[in-house]
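To start, I am sharing the structure in question, which I have written as structure tokens.
Chain nomenclature is as follows: A, B and C, assigned in order of appearance, with residue numbering initiated at 1 for each chain independently.
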Amino acid sequence: MLLQRLFLAAWLVPVLAMIHIGSAYQAPFAYEPVGPRAFPLLMLGLLAAGLVYLLIHPTPVEHDPDEPPPTAQSLRKVGLCIALLLGFALAFEPLGFIPASSLAGLCFARLYGGRWLPSLGLGVALAVGLYLLFDRLLDVPLPLGILAGLEI
Amino acid sequence: MDTLNFLMQGFGVALTPTNLLIALIGTLIGTVVGLLPGLGPINGVALLIPVAFAFGLPPESALILLAAVYLGCEYGGRISSILLNIPGEASTLMTTLDGYPMARQGLAGVALSLSAWSSFLGAFIATCGMVLFAPMLAKWAIAFGPAEYFVLMVLAIVAMAGMAGDKPMKTLVAALLGLFLSCVGIDANSGVYRFTFDSIHVADGIQFVVLVLGLFSVSEILLLLEKTHHGQQAVKTTGRMLFNLNEARRVLLINLRCGLGGFIVGVLPGAGATLASALAYMTEKRLAGPDGQFGKGDIRGLAAPETAIGASCCGAMVPMLTLGVPGSGTTAVMIGALTLYNITPGPLLFQNEPELVWGLIASLFVANLMLLVLNVPMIKVFTRILAVPNWALVPLIAIITSIGVYAVHATTFDLLLMVAVGILGYVLRKLDFPLSPLLLGFILGGHMEQNLRRALSISNGDLDILWSSGIAQGTWVLVALMLALPLLRLWRRRAARRPAEPAALA
Amino acid sequence: MRPSLRNTLLAAGSAVLLSAPLSAEPKRPECIAPAAPGGGFDLTCKLAQSALVEAKLLEKPMRVTYMPGGVGAVAYNTIVAQRPADAGTLTAFSSGSLLNLAQGKFGRFDENAVKWLAAVGTSYGAIAVRADSPYKTLADLAAALKANPEQVVIGSGGTVGSQDWMQTALFAKAVGVDPRQLRYVAMEGGGEIATALLGGHIQVGSTDISDSMTHVQSGGMRILAVLSEQRLKEPAMAAIPTAREQGYEVVWPVIRGYYLGPKVSDADYAWWKDSFDRLLASEDFARLRDQRELFPFALTGPALQAHVSKEVARYRELAREFGLTQ
């Protein structure tokens, strides 16, 4: 319950900031009475009111019976996973799709309990396979990155 | 009996061996493209236009190919929704609500086959509707102006309240967040940049793909990690692959209702499959009342949106063929393809190119049947995904998700935004906020605001325009009904309980 | 073909230097369409794609990448900041990109940040009404606007400050009406205008000639004026009067073309320019361009560079005049 309140309070801050920013919007030309400001401000206002209401009367969180309660260790892993996702995002273009995905695939597989060798194999296989599928067959260009010189 | 003659002629075109083969290839490619989150019918159709042109396909074959891809994509989109809780398209968002719980209960095969069946029925109803009423419907489609669209969006938002369930405030907050996020980017009316913080990357707003994959896919990855940590596997597989007759009978009425409704909404240019499926789901939920298990794996909650999607996809062809006006992003690409063949879609198309139009309509029947026949045996293959251990499944999801997001803008920014959205989605899910109202709010919000403002620009600020036309008035009546239905039920329950209460106390 | 000889020499020279195969064809040719599939930018890229391969100027097929965002702003920034030396990457632009560039909507870069390569075709603005509209000529519409600008609902395909808005505002100015007093509805793209016009939700559509012709031919719409210098030559359009000949000096071409990154070598730039010079002179290209409903407009290299500078300056002036920028 405390966690939920903290989160709601933390959410309220950007909402209030957005209200402040949004109230400055003005159109050089207006052809209708509503303008660019009214709709977002109305939504933000209601959102803020809803958050305040929830702050005062928080609804208890119902846990899915399937979902295990978080532990310090599992949360640490979640943090690690987020870092991994960010790293993958940042490496996607400079490293190129194939190296970045091989690495990310390996790390993800390890994080989810795979053994070293199968994880490595999976990472490389996914990277190359998906590259061929998307870049070659489906015409979604993917960055080559450090492999650009190879011209594959 | 002109229509029937033409239709027979159309089947003559559609059933030639070449065109059958083309339809088969199209549905297969479409299914694969649709299965991949982030890639949708627009990609599939855009991808194949140059191919069709390069092979020198005659226009009717090219159009059959594109229609088959389009239908295949819509079909593929549901597979990831049901099996992985990752909606591949905006329209299949509603499919996750009951499809994924069904898969978790070990009914993945039933969910897939039932959704294929529902979608087939929806498409069948819509194609029949097209044959019978296309020209008439065209008139109704253009009668929808900004004011009418605004009221339609109000109807959808009011219907969303039906999703609230036992946590109305959290649902409301999530929907409001979605509505707000739809304002980010350039304001289509005044040209003012809103909440972009001078970043060109969000100048056009937040991309739907980024939002949906962040909220659903990334947060699912994080949740799977927790489960893996505690030694759980994602979903149990099942023995039964097909729905049974009893189940089919239970949803037949829903199929008919939602097929009709989905077709009507699909005909409206710009409204599309998402609105159709959302309205279908929420209406059925309302009608089912408290005895429905909606959201927990009710087959009605799966059949309703799926029928509506199938129907609205075919409905979207009506404005394209009769008016030359695109009914959706995909049909816009198809119109582009037709102009390459020097064919102008529009009122004259039915007269000038009857074999093309009726060939296309007939091939819609054929492609739909093909999808059903092809995919039912494939369900076994698809459900195998569930047997893949997490250590192999998660890298696959993570990489494909990233490609899907990268394919939109080809920028790193979107990938980072997706991760950020994913973290938000994870926290929201942990704190029991529903995510689908957020996405629906996001999809509907833009339409609602812009159409209201357009309507008011037209009327010079006069609010009367919002209820002056017959269509608008009719829609308002539906809004009132939607609002009144649960109140009525509540009042009835109260009335029934009141005499009982003192007894209970005593 | 004097320039081609020089460029062949140049290309041969650089090829020897790099000890690469003789043709200086850039690796991984790619065309960035700065929009979602299906729009005008997609069309521009597909035109280059099919024309270059058909004319055998490129051995490897050119790919089309989509990079939507701010009428080209995202693509522009990506090219300038991240891929400035990518010799194989063309990016499509239109007058709309230049207009946004002029209004400072492309971030911190101005029109001198890239190498403008070639403009390959143009379209023109048009003013359309429904077939049964009381306005028969531009003068009828002008008279109605003058009498009371609020009695005519004008719809167009873009927000305030977009090309469609600009052509509407220019017409209003030519009539002598303040653009602020119009009843203006911003729709999205030509398809929506057509729907709204046919449905009677708007009375006048300020749109694009190519988008409208299908509806003109099917009898749903009439075009009061095309915003070109002279009447267009296509048989179906020859009867459509220009705004100029009706006494309103409004000309609004929408050119389409490509640019290259700022650090692309002169040799590669010359190779591309030469390829496009040859392409633009060929009959086959004219056919492909016509198919995509674009009208002739050909400028490459320095001539285009100069044209872009001139246009951006003009747009900047217009934006200031209309009070869009300070």
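Here, a residue touches a chain if its C-beta (ideal position, glycine included) is under 8 Å from a C-beta of that chain, and two chains touch if they have at least 3 such contacts.
None of these values were measured; they are calculated from a predicted model.
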Problem - More contacts between chains, B-C or A-C - result: B-C
Handout entry: Chain whose averaged C-alpha position falls nearest the assembly-wide average
Key = B
Practice task
Provide the C-alpha centroid distance between chain A and chain B, rounded to the nearest whole angstrom.
Solution key: 23
Fill in the blank from the handout: Whole-angstrom distance, CA centroid of chain A to CA centroid of chain C, is 36
Practice task
Take the average of all CA coordinates in chain B, do the same for chain C, and state the distance between these two points in whole angstrom.
Solution key: 33
Problem - Where chain B touches two or more other chains at once, by residue number - result: 43, 187, 189-191, 407, 410, 454, 457
Practice task
Quick one: which residues in chain C touch 2 or more of the other chains?
Solution key: 65, 160-161, 183-186, 324
Practice task
Pull out every residue in chain A that's touching 2 or more other chains.
Solution key: 27-29, 31, 93, 139, 141
Handout entry: In the complex, chain B residues that touch chain C
Key = 42-43, 46, 50, 53, 141-146, 186-191, 198, 200-201, 203-204, 269-270, 319, 323-326, 329, 332-333, 335-336, 339-340, 342, 344-348, 407-411, 454, 457-458, 460
Practice task
Using the touch rule from the top, collect the residues of chain C that touch chain B in their complex.
Solution key: 32, 36-38, 42-43, 46, 49-50, 65-70, 73-74, 77-78, 105-107, 150, 153, 159-162, 165, 183-188, 191-192, 194-196, 198-202, 213-215, 217-220, 291-293, 324
Fill in the blank from the handout: In their shared complex, chain B is touched by residues of chain A numbered 3-4, 7, 18, 21-22, 25-36, 39-40, 43-44, 46-47, 50-51, 53-54, 57, 59, 61-62, 66-68, 70-71, 73-74, 77-78, 81-82, 85-86, 88-90, 92-93, 97, 101, 104-105, 108-114, 118-119, 122-123, 126-127, 130, 134, 138-142
Fill in the blank from the handout: The residues of chain C that touch chain A in their complex are 27-28, 30, 63-65, 82, 160-161, 179-180, 182-186, 323-324
Problem - chain C contact footprint on chain A (complex, rising order) - result: 27-29, 31, 93, 139, 141, 144, 151
